[in-house]
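Below are two complexes that have chain A in common, paired first with chain B and then with chain C.
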Partner chain A sequence: MSFAITRQGEVVVVDVEGQLIVGNRQELKQKVLDELEKGAKQFLIDFSQTGYIDSSGLGVLVSLSKKIREQGGELRLANLNDDLQTLFELTKLDTLFQISDTRERALESF
Partner chain B sequence: MKELEAMLIAFRESTRCDAGVWSTRPGGGALDIVARSSPRLLPPDTLPDANAGTSVTANGGTMIVAAVPGVKRTWLAIAPCDEDAPPAGHHLKMLLPFVAQVLRGTQEVEHAAIELAERYEEINLLYTIGDILGRTVTLEEAAATILTEISETVGARHGSILVHEPATDSLHVVAAIGADTDTALPIAVDDPDCVSARVFRTQHPLTVEAGEMECEAERPYRRGEMLSVPIMWTTPSGGEPLGVVNLSDRRSRQPYSAGDQKLVAAIATQIGTAIQNARLVRSSLEQQRLLQEMYLAHDLQMKLLPKTSIVAPQAQVAARVVPAESVGGDFYHLFRMPNYRTGVMIGDVSGHGYRAALIMALAMSASAIHAQSAADPGQVLSLIFGSLREELSSTEMYISVFFGVIEHRESTLRYANTGHPHAFIVPAEGEPRRLAAGAPPLGLSEDVPASSTERWRAGDDLLVLFTDGISDARNAAGERLGERAVLDRIVEMRAGAPEAIVESVFELLREHCGDIPSPDDLTLLVLRT
Partner chain C sequence: MGEKSVALDVEIPSDVKYIEKVIELAALRCRELHVPARKCSLNVRVALAEALSNAILRGNATGDGKRVRVRATVSDDEVVFDVFDDGPGFDLAAPRADPTTPENRLKEEGRGLYLMGRLMDRVERFTSEGNVVRLTLRRK
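And now, the complex of A and B:
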């Protein structure tokens, strides 16, 4: 379970490996906020390596999205697996995020 | 010294010369009488440097004085003799070995007696400490009594017992002689100057001389030389230091011996047991209290949930909430409303445990206030969100809520759903229909949720609401139970009473998960009109 942060041009890309749950959500939040503090504006969280997101993990995504927007930036999500995609649709969370099928499409859309 | 006196009197009778034995104190000073042939015999004015017999002036005449071989600081003096004849050197030579033998024998007996007394005191101390540990419960009480006993045995007038506190990584005085435990300063384990800190770190006893390693914190219970011994707790994997015993200011002024160190180390092990017992007792009491509080909190939270009978006879409802911990964030609510209407709500606060439970309690009371203040379910949810906005925002939590109102005369179900994934109408025949969310969970969006209307067939339709704890329940292999399996079971049971359906779904959960405890709260509500 870890978060790898890389840069693709102006975009900060975060890969979430394993799960995003109550036990590690603060670590993700801190890493993203650190980048935001350093001036980054565009963020992409890639869930291709992610099996599960619990309710507190979803809470952190929404909170990060708000904070990034407040700084004039944008948070996008990519590569949600079928279960996660269904979860976002059923809970209408898909209305709060820009979600792309692939990393490349998400990067192009910034 | 009766034997020696009898010998000196016999010597006088045979030689007609007086004889006496004197000793000096350590460090010099006045001569003390050990034995003499006559009470009128006075000590020599001066003592010879050498061991050999030397003539010295005393009692107005001449005395022959010699150190007694093998007996420290002790002198034999002969003279005066009757008729004022000077004593002969051979008198001294004859008497000296006998005096030496008697004195050495006496000294050995004295040493043996002292040794025996000390051993007796040590054995007595071990018994006393065993007795103290059996009687006392608090660590402080046991430590104070043990310190008093051990100080008496080794003759220390100052001392202390310090115990390690892992939270601050420092040593705290729990008992002291010569100092007030309440005002005594704690010592950090990494303190470079204090003896207690070093002994705790090295886990080896240490005797420091007066002036050596003096530190401010130890000043109240240290006078000069100090013996410091670690308190160890022996475990199968080795030893663990728990604290330190310090002893100082010996009455006898004798330095601490290896024997003293051994004795104190043995006692320190006993103190280690006392500390560990006290800790175990304390933590077990705390756990018991915590467990009781958790049961109480669980009962209180379950009491917040309404009885399902409040909406009878218009609706028959069965509901079950099983929090993952003692309390959780899942809830349901039921409202008997005017104009033949029944309100039903299910909610899932993000996360679980106490934080979620507090938000759940707020949501319960907010929904009770607002459920009937607007006709439109979406408006009701918006009002509830208004009451919880601050709490949700400051805690970064959110609530998925479904709120439906059945209009019995109109045969409709009007509902609003903010992010709740599992809400269904299960008809008497055919597939379940999802009552989909129209907005994200409360706390994630400011928009007023939209309301929708569905046809409701009294007697045929079941309203089924459950939280994701049920569909996400995993078995030992990590496989989710899944929404489909839950719905299949409900469809299979749909002709039965709501209670039977709820029981059957929980049976399905038990079959799937076995003994694996659920990481999330589980809630299921089934309603039929």
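And now, the complex of A and C:
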């Protein structure tokens, strides 16, 4: 379980390598906040390698989305599998995030 | 209901770093029992992750030397996951805010019990050898 951070132009892309759960959510939060502090505004989190997210992981995404928006930025998500899509629908978080089915579409949407 | 058998019985130290391994083991047993793949990959993994993190972070709290046990029993119709901790337990029936309303959607917390309830057919809590949260999932 780890997070790889790369840049695609102005966009900070975070690849979640494994599940996003209570044991690693703080690591994701800190990595994104560090980039935000350095001045990044556009963030994409790619879940193509993620099987599931627990409630604390969903909570961190909500918290990051708020903090990024407060700084005038945007957080978008990509590559949710069917299970993740269902989780976002059950919690109605699909209404809070802009979700793309591919990384390329997400990058184009900024 | 037919005969029940134990499909899984594991005990872990009260530390969130062990959660993922237990969940993968439970999901594997679930697939071996021919429970539909979607239920194994989504319902079991997420609901059990919530029950385990509750047991470790809220039930056992400080956790020094404490342990959490997960036991799964299976019958013809259901898989039942019992998660044991040493905490005082909590009132499952207590009123809770709906995390899906527009005003609550922006909150970081408050989705754990809601997800357990949505992903399992029954969620119960009782006291027996400590605090037990029981998650029941129909096999079909």
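One rule holds for everything that comes next: the second predicted complex is superposed on the first by the 110 of 110 C-alpha atoms of A that agree within 3 Å, B and C clash if a C-alpha of one lies under 4 Å from a C-alpha of the other, contacts with A are read in each partner's own complex, and residues count from 1 in each chain.
Everything that follows uses one rule, which is that a residue touches a chain if its C-beta (ideal position, glycine included) is under 8 Å from a C-beta of that chain, and two chains touch if they have at least 3 such contacts.
Please read these numbers as outputs of a predicted model, since none were measured by experiment.
Engineer: Determine, for the superposed model, which of the two partners chain B and chain C contacts more residues of chain A.
Structural biologist: Here the partner covering more residues of chain A is C.
Engineer: Using the superposition on chain A described above, determine whether A:S55 touches chain B (first), chain C (second), both, or neither.
Structural biologist: both
Engineer: Regarding the shared-chain residue A:E10, is it in contact with chain B (first), chain C (second), both, or neither?
Structural biologist: Touch partners of A:E10: none, neither chain B nor chain C.
Engineer: Kindly classify A:D101 by the partners it touches after superposition: chain B alone (first), chain C alone (second), both, or neither?
Structural biologist: Neither partner.
Engineer: With the two structures laid over each other on chain A, which partner does A:D34 touch: chain B (first), chain C (second), both, or neither?
Structural biologist: neither
Engineer: For A:L87, using the defined touch cut-off, is the partner it touches chain B, chain C, both, or neither? Pick first, second, both or neither.
Structural biologist: Touch partners of A:L87: chain B and chain C.
Engineer: May I ask you to decide whether A:Q19 touches chain B, chain C, both, or neither, giving the answer as first, second, both or neither?
Structural biologist: After superposition on chain A, A:Q19 lies in contact with chain C alone.
Engineer: Mind sorting out which residues of chain A both chain B and chain C touch, each in its own complex?
Structural biologist: Of chain A, residues 22, 54-56, 58-60, 62-63, 87, 90-93, 95-96 contact chain B in one complex and chain C in the other.
Engineer: Of all residues in chain C, which touch chain A in the complex?
Structural biologist: 16-17, 19-20, 38, 41-42, 45-46, 49-50, 53, 57, 99-100, 105-112, 114-115, 118-119
Engineer: Show me the residue ranges of chain B that touch chain A in the complex, using the header's touch definition.
Structural biologist: Chain B reaches chain A through residues 348, 350-351, 396-398, 400, 418-422, 436-441, 444-445, 468, 520.
Engineer: Considering only the defined contacts, which chain A positions touch chain C in the complex?
Structural biologist: 1, 18-19, 21-23, 51-56, 58-60, 62-63, 66, 82-83, 86-87, 90-93, 95-96
Engineer: Which residues of chain A touch chain B in the complex?
Structural biologist: 22, 54-56, 58-60, 62-63, 87, 90-93, 95-96
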